[in-house]
Amino acid sequence: MPASSPSGSFPASAPQRQAAAGRLTRVRAHSLALAAPLTAEDQCIQSMPDASPTKWHLAHTSWFFEVVVLQAHAPGYRLFDPKLLHLFNSYYESLGSRHPRPQRGLLSRPSLDEVLAYRAHVDEAVARFLADCDEDRWREVADLVELGCQHEQQHQELILTDILHAFSCNPLLPACQPAARGLRLATPPRPLHWVAFEGGKAAVGHGGAGFAFDNEQPRHDVLLRPYALADRLVNCGEWLQFMEEGGYRDPSLWLSDGWAQVQAQGWRAPGYWIEPGDARAPSPQWQVFGLHGLAPLDPQAPVMHLSFYEAAAYAQWAGARLPTEFEWEAACGHPGLEQMSGHAWQWTRSSYDPYPGFQPLAGAVGEYNGKFMVGQIVLRGGSHATPEGHARPTYRNFFPPAARWQFTGLRLAKEVSC
Amino acid sequence: MPASSPSGSFPASAPQRQAAAGRLTRVRAHSLALAAPLTAEDQCIQSMPDASPTKWHLAHTSWFFEVVVLQAHAPGYRLFDPKLLHLFNSYYESLGSRHPRPQRGLLSRPSLDEVLAYRAHVDEAVARFLADCDEDRWREVADLVELGCQHEQQHQELILTDILHAFSCNPLLPACQPAARGLRLATPPRPLHWVAFEGGKAAVGHGGAGFAFDNEQPRHDVLLRPYALADRLVNCGEWLQFMEEGGYRDPSLWLSDGWAQVQAQGWRAPGYWIEPGDARAPSPQWQVFGLHGLAPLDPQAPVMHLSFYEAAAYAQWAGARLPTEFEWEAACGHPGLEQMSGHAWQWTRSSYDPYPGFQPLAGAVGEYNGKFMVGQIVLRGGSHATPEGHARPTYRNFFPPAARWQFTGLRLAKEVSC
Amino acid sequence: MPASSPSGSFPASAPQRQAAAGRLTRVRAHSLALAAPLTAEDQCIQSMPDASPTKWHLAHTSWFFEVVVLQAHAPGYRLFDPKLLHLFNSYYESLGSRHPRPQRGLLSRPSLDEVLAYRAHVDEAVARFLADCDEDRWREVADLVELGCQHEQQHQELILTDILHAFSCNPLLPACQPAARGLRLATPPRPLHWVAFEGGKAAVGHGGAGFAFDNEQPRHDVLLRPYALADRLVNCGEWLQFMEEGGYRDPSLWLSDGWAQVQAQGWRAPGYWIEPGDARAPSPQWQVFGLHGLAPLDPQAPVMHLSFYEAAAYAQWAGARLPTEFEWEAACGHPGLEQMSGHAWQWTRSSYDPYPGFQPLAGAVGEYNGKFMVGQIVLRGGSHATPEGHARPTYRNFFPPAARWQFTGLRLAKEVSC
Amino acid sequence: MPASSPSGSFPASAPQRQAAAGRLTRVRAHSLALAAPLTAEDQCIQSMPDASPTKWHLAHTSWFFEVVVLQAHAPGYRLFDPKLLHLFNSYYESLGSRHPRPQRGLLSRPSLDEVLAYRAHVDEAVARFLADCDEDRWREVADLVELGCQHEQQHQELILTDILHAFSCNPLLPACQPAARGLRLATPPRPLHWVAFEGGKAAVGHGGAGFAFDNEQPRHDVLLRPYALADRLVNCGEWLQFMEEGGYRDPSLWLSDGWAQVQAQGWRAPGYWIEPGDARAPSPQWQVFGLHGLAPLDPQAPVMHLSFYEAAAYAQWAGARLPTEFEWEAACGHPGLEQMSGHAWQWTRSSYDPYPGFQPLAGAVGEYNGKFMVGQIVLRGGSHATPEGHARPTYRNFFPPAARWQFTGLRLAKEVSC
């Protein structure tokens, strides 16, 4: 049983624990809200190995709290069902065996109802634990509870990207979300402008208070040459022009691996763009499939569902380049820059390497970020699907260069003479 | 609207049409009964390209009646939803485009409820059509309605084989059917005996009245040498002995392609046999996963879930061989032979070639059987999952030699001197 | 040392042994003659897993005599080099380990010179053995020596088919053989005629004296319906018409597996047909790449390098069918039939199943044929590349239905009313 | 015809052109020297898509001079054979079509003799051109001729790595080079020591005179934290200890992609290490296959044929890390560091990203480096197979993280407190 605080003494951490419990409730509820428009069948399917079923996300985020917080720190905690440990471990080698990732979509059992009961069980246990735990326990778990919330927020975005991919494979092209949920896609009507920066020494990475992932640390200085950033993201109208001028047919614009992908995958447009005349939804115009279903292409909306290769090819075609992650971070906050977050993740020209002095977290959660630091590209910013308050200027998102199912766009950069 | 019979004359086909309607109702209801123990999530999943979701089977068998009977022959029939034609066509090139087979498991929409509504719509329309149609229409469709029923019965067996495969991929190893549903697996306790046949000229294939598929025709004579058949199927106890004596490790027993599969797939036991100590269901004994879930291996039960390669290797090991499909058919009905049907499909030593003079059915249903006549092996008999009354002695089932997810076993044959 | 015959008695087998030695010399010399126009580099390359380098064929056929005849039966025989046993075993599980088939083209060592020395060593040892062996030994090996010659003749055809495939992958499209070597491709100018046969009981398979493979035995009776065969092979002009009338675009003509191959492989013409305008050898006409290099398509030449699937689709298009192997064999020898052998192997509509009562040879050579009796189609006749005297009317060649690199064509058959 | 210098004026570039011609002769001769121990058959084979046949390297390096120097700049130059352009283009999209890379090993034609004639033709034409060209031409081509020499030197190392891989696939394990060619593998006997560096601002990249590739430029400043480097490379004895302590079995040491490779490829030791008891060369000890054939493992020799993943796992196991490319470069030249070049390429912890302000070369040679700047890891130093004088401290070699067929090892780094 969780230790209670000694009678007669006021537990100093009580307000913090209460705040954590409140935040936890809100974060956990948001996951359910995202899943609410989906049927049990919808929540069961998996359209590719990189994506997971909604139900699996709901269960895995509960597994995280169960294993990382409750099993490790809450005395007497009883597992909801020991068989779930194997099913809902994602990639933690130190936390036991795992169901093969490409087969997550075969888990019709446990049913959605059972998964929801699993969530409720875990929520209740964490709440009770937070209410009752003593100061030592609290010190042990405070960061882990926040990590669990941040982890869940990451999966909230994945719930959307993954169901969008799954629905894109259904010829009926259903909508993932009711139309009422307004997205923040309004785009400034004015033409692109460049904002220049002097460069020089800049401090990057997370160094102060507040939550940050280990991969954002330690804060350190870098040297930047003078550069300029576009004041907004590249939009769909500009991308159409790239396509019409042969962007997908000219190898000189592409990185070698990118050109190989263009040919192997037959890319001729961003992900989820539906060609005029497509049998699933005949139209004389390009359409774009998104969370709300099909819509006519909006030339002013930021282009999304790009691979890094496409972003880099576009920059080449535009006589520009992609910003490095440090150029992006150093510029962040400049009032002339729009759409820095809340629209689309922005591919940078930075491979996802460790920061100087990087140390993974201790214990199992050390597998969270560090072991993926090869073969991936850093994205900065945040998308319209990123939960409110989740991203920050030092945030390093990362995906392999061929990935297109995330909400990924680009902002141009260029050299300037000092 | 369907033409009604001229007033004042008694429609000669009325009793036949009524009988067809009754049969249709019973067959269609059985599909739903098979699906009843499964949740909507269960019915949505697909575990490999060769298998299909339960829901897809329920929809496809309805599509067959809709397209082959109603759309082609019922004047004024309104499609339930034109978009379903693409989704639920299986392999009929002449009947339009098709959703890719490996992606049937992504169809969370239409929902199970919608599919059930589709079934009801089609059932009602066929019933009305049968009640009202005139003599000419009836002559057109009588065989197609029966073909639709036979087709649905084939999918009833597939509903079971496919969900069994899907559930075998779930570490929870759930049961597909309630335990009460008794299977006809009782096995004669006595040792195997040989029943000898003289051979000579034998007539094979379907020639008389009653339904048969085109691939069973025309009836024709073949010449057989003297031979003997085992009076029962090979059972699990005998198979264990084959395993213990190194059957899966001795290439001299195997066809070349079979040995390649043993190595590539790591086969060491029949499909769905669970090794002692398996983490999913620890036990000191072999267990077998079946429609009712996990059970201890029953040495007297016919062995099932064998590939043709395994069946042939066992026969080689036993100093025997597999019967040809004609030996099997000519012997069928001999009172000394048990388990000829209702237990497991029996691999023969006959490739699935056309009979002399074979003619596919006219029209789209000509694609039903003929275009698969290469690369497959004939199975005879019928399994415990074959619907009552569906199989017959001339019935030619067929699967590729590596297939193991069907209820497939073997009966030995051997040469005898005349 | 081999035992010599007792002095003073005349060895009865001497003339037979001398004849065998002479035949061996001629057969072995022919292999070298086929390889003579090729450089050491040419003889080293392998263009796909199913094909082998010329040098490997030269070595493997020597390995066969070394292991099957000398090592097993010649007392005191010293292996040329024990390391070669692993390198040049093809598929005999009972004869030890093997170099992986797809990597035969990496064997730049042993060099061609060493392989030729290996051949000479084996030739000399077999010759000495045949000269000296006693009657018992001779009885042991007589059939094996002949099998070795037949085996070598099969590889002689493969030497040609395999180098032709390899050269077809070289954009220079070099010729495999000097132009002077005339092929027997002249085609009767008259239109195709049908030759009718009554059917009834026919004896098939090899039953008399003379060499035959185990797969041609035992001789047995089959029942045939009346049928007709085309008096010649389908020619290139007819095939062009099939192509022009959309043969490669109409799924209704194709077996299901065949249509899948057409789409996966992009087949639009037989193997080695070079499209008008091809960058490697621009021409306004179709050209055909063959052993002598590139030549304009000859409309009267038998079409070759077809898969079974293509042959079957053509027959469907022509309103005919392929003959069964027994129809072909029963008709063989009829004076009205031309091009039965010496032009192209002829796909039949018979899967390669064992004959009733089939027994593989005893010992390692039992792996020669029997273990391949699944998933293959029988071809009859013989091609212009088949060594003189090698084929016979009962000969059963076999390849998988998708194979196109052999000299494979087709002859039409059809039903006739009795 | 090449323009001659105006009579009566002394061509200022004559000494430079003469020096270039001399260097060219020496570089080109070295390629032939490396190929000399190999037969024509050896030079024809290709063991994987990433490797090329020796003959292809000899031809491609000539193609480079022919296309980049002669065809573009030497008036009147006649191609040796226009068909070779397609065959020997490697990856230059702007220079026309290319023979598919995985099929380079099928080019038995042109023969080695023809390729040598091609080399001679090109050598003679470049020599004549250098002797005769005027000042303007010289200014055009001077850098390209040097680039051609550097390019050829890179292929000289690849000639060795690629034939080593090919020979490693031959069970005879032949030697690529005569034993007399001494390699610089002697290792300091003393234990590993750390050399500490203060960090701070460091200038990296090529900035001065002399040749450098575009990817080494521009020279720029970076900020380094204090760090230490090992004074020598990790050696085979240390690697054995890593293996014996379970290095290849402990996922916690590995990057996620690396662990996936360990399992998929079955890695248990570095490339070319031959396990005790291996059937190809039985021995109770580990052996290592190298350019001179098989040798007992030398514990003091630098370990080679590591993937980046293995290098990173070892560093993790050793409680250290890999140096960044800039740490390596800033430390280069320190007298306490041994084996910085001439032994093995050293994996760094730096992805191969463009330097700030990177500009590819103009024209076709702009494809040389820039288009590969994704998905690769930087290696520094140089191996025993790197041609004398080719590498330099700013040199950036790069390979994908899974590559093991290069001469790739590692040097440890670690943090130090300031």
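Miscellaneous remarks
As written, the chain order gives the labels A, B, C and D, with residue 1 at the start of each chain.
Note that in this section a residue touches a chain if its C-beta (ideal position, glycine included) is under 8 Å from a C-beta of that chain, and two chains touch if they have at least 3 such contacts.
None of the values given here were measured: they were computed from a predicted structure.
By the document's definition of touch, chain A and chain D have no common neighbour. Between chain A and chain C, the least number of touch steps comes to 2. Ranked by how far their CA centres sit from the centre of chain A, the chains are topped by C. In this assembly, the C-alpha centroid of chain A lies 46 Å from the C-alpha centroid of chain B. Centroids built from CA atoms put chain C at 38 Å from chain B. Rounded to whole angstrom units, the spacing between the C-alpha centres of chain B and chain D is 59.
Multi-chain contact residues, meaning those touching two or more other chains, do not occur anywhere in chain B.
Put simply, chain B touches chain A in their complex at residues 39-42, 44-45, 47, 83, 86-87, 97, 99, 103, 105-112, 166, 169-172, 174, 279. Against chain A, in their complex, chain D makes its touches with residues 91, 93-94, 201, 220-225, 251-252, 254-259, 308-309, 312, 324, 349-354, 356-357, 371-375, 377, 401, 415.
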